[in-house]
């Protein structure tokens, strides 16, 4: 039987020494690293936090601002990449566990945490195909138009009260605007491919995104009205003090606005059940059918970065941003990232539960349900602004309680699953082995 | 240092470009694009004036109205154009059918 | 260095970072990725069949009407934001009611238009049958 | 200094976009050049401290109008893409006319006594709001009438007229 | 910069099919043979106007494996494995159909225990097959998770099958004259354990998929196939019952002791739209799983001791003559038309694949629907290409 | 209704056009003259007492020794639950028969298949092209004298 | 009214769906972590054949029964069973090939074997890089002292400790059947038998 | 052929680069959604919960050939299908791998003898990297085939494999 053995290579001279040392190091470090994979994983996270802290502490006072900016940009890009990578890996893990399977397990040892890196590196090595009859320059341009604005959106997103790269008094709208440009990249990609599936994907995307921008904007008007500012930092600052101070619990219209915003943001991120532009079972891969290699990764990257961006806005605008739910002592970027990631997780949870909507129903849902609903929210909220301030105590009490009930239900469901973890899937249930 | 004149000249260039596009193209959408150029040139002036102390905040407010107008104009113009185009093409199709007998 | 310049520089830096990410990976990929054109590779994919004609045809109109509608709403919302920002302070000043009705006039008209469109079926994505040219 | 560079960058983008549209024969590319121009204008707005306008420019123009234009392009059939290049004598004529026009304009601008050259601090959204509800309350409400008319008119003009193909509900 | 050439449009207008005053251009789109929602290598050529489908023409034959020709060259016994591979999701039922046809022609008596075993496995396989149908229908609708849940439960059934006959997909278990081997020890209790586990899971699928509002909107009132159309196109099985026709060979012409069992024949009732829409066809399958569970329980009760196979000569020769025999497969009526000249292989064997007939209705259904509805229709017909093309 | 009764009705109605009938055994059928097939089928479908509404199968059999091709139509009545097959016997050199796809739509694909594999010509069929084999294939594989082509699109057909 | 009912229905059913999937997040999985743990083979699994050359009488019944014609048998002279020693004697087997690239693992060949020397083994994997490698000559194997092909995953080295444990467990499990394929331990015995006829 | 391929002599740096590149390729094999016949069911089962190809990073089934690395030919290849398979394979972006799953795609399998419409092995149409026999192969066998493919990918090197005269070097 023919087998593939790695060809043995003879090393000589200095490289021999290096090779020997490398082998020794690998032999010693490998098992240790494998054992410590868990710690390494969290170590990286902790190190990242420390790094950011150090940046805030020591880099900020640096005089040549351009140097400081470049450091922050590197950090920002790193964060976005991290979000995208963790998002893609997390998506596979979450979907796996929802579906009674494990998801990536091998790449990198502990639960396949390096999977996204391997995917990325693989796609770098993929041949870069451009169909001959496609519109070549536009085909090349499209991924950038999709990716760059999403990254730009992070310019104004505050991670903490002073953890923001640039804050202007229009930052909320700025994020919306940036997310709006992404559509153009997708349309362009779909159109330039000259493939029919791509064209369908692009048209659907354009139709869907343009229309869902309206309920999104309208539901964001509600908190803007309540705070009196479009600046994300201002909005975050207005909610310190505890979970009952979060905007979501201030009045019933805000409470519902959170949900309408969240639904609209699902649509604008092309997440299920609104993932028609790339709906696999109808359009083969939607607008990126013809894209291969890293250009495809850029679309993907943009999607996950946008997912976190919209979740971040939801966090800041409705869920208190970086403020901790209990008191102000622990408020900080970690809370912000945790809440944002939780919302991203909910997006995944929804995606792996629901079927896909049909395009006419997408439009129907937007025009006939979401849009009138947000209109009512908007008008109602402005009336509330006039007359409702005396009920603030009750609303906080009731809505805050409602929020707690929802969290409680969530925990109950999770707990039910955990308690019955051996029984839920029947006799086939298995414990999993580490690292395999 | 960039002063008001710079902006004005830029806006003039923009406007002339728009004009050239309108004149040279015989496609309705291209003409629409030209109009957008001219509107943007005008808007640029508004903002530049506002920033340089002429008219205060009104410049920006007017700018918003210009954008509103532009959007409205684009919507209507494209609608008219599409309508027109479909009339034409339907006539064509009819003629084609007649020819086929 | 003014404030606005810094803002722009910030955006451009992030944009540059985004471009660098894509371009860098693609350029690096050029080193390590194979290129092997020829055959049917550069054809358009269509589930394994040869394609019939380009995809650049005149597409369905339905999409268009929706987009049209929403451009108008886009503008509308853009104009409502400044109002929303000062509304709170106006209420505090005690002239909230006037501001409210000013907005309601503005907003109400559009809602009227919206209701009209709804009533006469312009919002139905696929329109009901047989209403060709009344 | 930085502003100067940025200004010229944006100016360059605008001019290049305009010229590219002039010489292009592909209408989709024209639309994307238009988007480039619009983004550059938004950049200039940012440079001028008019953040709100810049953002509105992007949302309405790039996210709305440009999408509309791209749609319009895709909805029309290919044959319209012919006749996009001017003929030779037209080019000459064009250059003459626009050149003279531009020269006149620039001369006027340079000569013009522009009083205010003082820079103001950037204006906030709240100020815009106040002016909208103050001086500009009339146009503000009129705009809504305009939008209403546009909404109805455009929807009427471009209503889909695909007969008897709907899904029976 | 390379500019795009302006291609002249090929004339895609089909005369007389499309009203002349449609102004948008038609696109001719190939869906398949490699497409995620065509369930194998089906190719559907769509004439579309934007998102609207004007006409859909299925093209088949990409998996034509010459099963009928092979039958003329191998002996009856050797042909059993080939029947596995026709409707590979319900190999037991295919084995059963072939075995019954041959037995009926050769006048072979099958022992009682074997008959009950046959029923048990046919029904278990019906559950397994419907699980795949239900799950992959979810997949067509964009819900990935129900698909994997269904496959998870199916694995258990497959394990049961494997413990009995040693294969996961191509069982060849039901042979001419009976079944191949007796069931192993403990099978009955394992089977009961599975049934107890499985029944409540059906409710879970309903929560997750069947009653989901999005799912109902996607499938209700889509692809409506009225009863007369269904009968005219020769639809059978769940597709026919989904149109409200109460017709099930297990009840109407019982074979294999099916008349002893107490079960219902679920039919579509148009709960979320018209009778015979995709949801009805889908839900008939879900309800049939419950009925199959009932049948298996009863059959397990009746299982008595005895031989599991009749004595059949190794080189079986059938008398000259012919037979047409049908059984109720998960997808419809599977028919075997065997013409024998007395040799040890058939002179001519023709298989009536239920999917073959079910698929032919697609052209009638898919008119003036949306692109996404095509996936819903193909999925609700639940075709297996191995059987369509044979 | 038993097969015997059905055959009686048919005999009564069509007389000599009914070439033969088998009522016993595993495959009861009637044999009709090819020219009369359509009217027999129409009668079978429409008669109040028969109502054969479901066409189950159309199968062609090549009897090379007898130089015949036999096409058999298996019918079942969902209304009454009785079944019958109708057969026509055709000349092997020129196997032509009127299509029944106007009577049962199900016949459309079945007849295409019979054409594809056995080579029966169905006159009046709207779309009589190969259904399973590629369009440019030579020969009808289920004929007994079928020879595999040596090559198809550059691939050897025989192992 | 229908309007609000729709909203209610949508919210209710979506919540029902979410309720179903939420517990599964935290429940156990059903994954068989295959290369590290044993495959889930049932006892009767029909895998690639196991062949006892010492009892084969080269009657070719198996070859005739095979629908895919994938067995070829060659011998130097007639062989017959020696009841006392329970081995076949006579001419030597020169070739007993099963072409696993066409075999459909139907088991018909094992049913007809008069001496029950051909069995469906429990080897499930035989993947390789060349098509020719799929033709298994069991006589050759017997010369190497094996009755069936070696499963690939058992030949792997560098397994983690617990994986080795799992593997050993699997090896010992059900050892009576395993004996057939792991007869390699007794190489001399088989080799002798393979050459016995010569 | 990549730009840097076949330029450098084998050495430590080259092998480390190889290792990194192959690590990524190995760990992230996206198969194409391409089921033809019965074997496809087992392929699905391998991707489903019980066996979970995703553990190896190979669970992301892509429907378009442009983004997939591995074409699992799972089922019988007929003459009508052969052209399409060829086209799909050609439209895949390099590096691409083909796995012939099941007897049918290896050699025509059960239809080898009398199947007038069955291609006798998909390797007559496209080059195959790994053959996985069985009818159908168990999911475990498919996983084993995948591991074999990973082993094969692991031997890819960017080093010079030909000497200056263009002859294949012995490594």
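Letters are used for the chains, namely A, B, C, D, E, F, G and H, taken in the order the chains are written, and counting of residues starts over at 1 for each.
By definition in this document, a contact is a pair of C-beta atoms (placed from the backbone, for glycine too) under 8 Å apart; a residue touches a chain by one contact, two chains touch by 3 or more.
This structure is a prediction, so every number in the text was calculated from the model and none was measured.
Following the contact convention of this document, A, E is the list of chains adjacent to both subunit C and subunit H.
Interface comparison, B-C versus C-E: the higher count of C-beta contacts falls to C-E.
Each chain gets a centre from the mean of its Cα atoms; for subunit E and subunit F, those two points are 24 Å apart.
Inter-chain spacing, taken between the CA centroids of subunit B and subunit D, is 6 Å. Between subunit A and subunit F the centroid-to-centroid distance comes to 61 Å (mean Cα coordinates, whole Å).
The set of subunit A residues touching two or more other chains comprises 3-4, 96, 98-102, 105, 120, 124-129, 135, 137, 168, 173, 191, 196-197, 203, 206, 210, 213, 230, 280, 284, 289-290, 293, 352-354, 359-360, 425, 428, 436.
In subunit E, the positions touching at least two other chains are 4, 7, 9, 21, 23-25, 27, 29, 33-36, 49-52, 61, 64, 66, 69, 74, 81-82, 145, 148-149, 152, 155, 170, 208-209, 212, 214, 370. Residue positions of subunit G touching 2 or more other chains, listed in rising order: 6, 14, 17, 19-21, 29-33, 35, 40-41, 67, 104-106, 128-130, 133.
Put simply, subunit A touches subunit D in their complex at residues 135, 137-138, 141, 168-170, 173-174, 176-178, 180-181, 183-184, 187-188, 191, 203, 206, 210, 213, 230, 360. Within the complex, the subunit C residues that touch subunit D are 1-5, 7-9, 11-12, 56-59, 61-65, 67-72, 74-76, 78-79, 81-86, 89-90, 99, 102, 105-107, 109-110, 112-114, 116-117, 122, 124, 126-133.
Across the complex, subunit A meets subunit G through its residues 1-4, 94, 96-102, 105, 349-350, 352-354, 369, 410, 413-418, 420-422, 424-425, 428-433, 435-436.
By the touch criterion stated above, subunit F contacts subunit E in their complex at residues 25-27, 53-57, 59, 61-62, 72, 74, 78, 81, 85, 104-106, 108-110, 113, 117, 130-134, 141-142. Residues of subunit A that touch subunit H in their complex: 3-9, 11, 15, 18-19, 22, 92, 96, 99-107, 112, 114-115, 117-122, 124-129, 280, 284-285, 288-293, 296, 428, 436.
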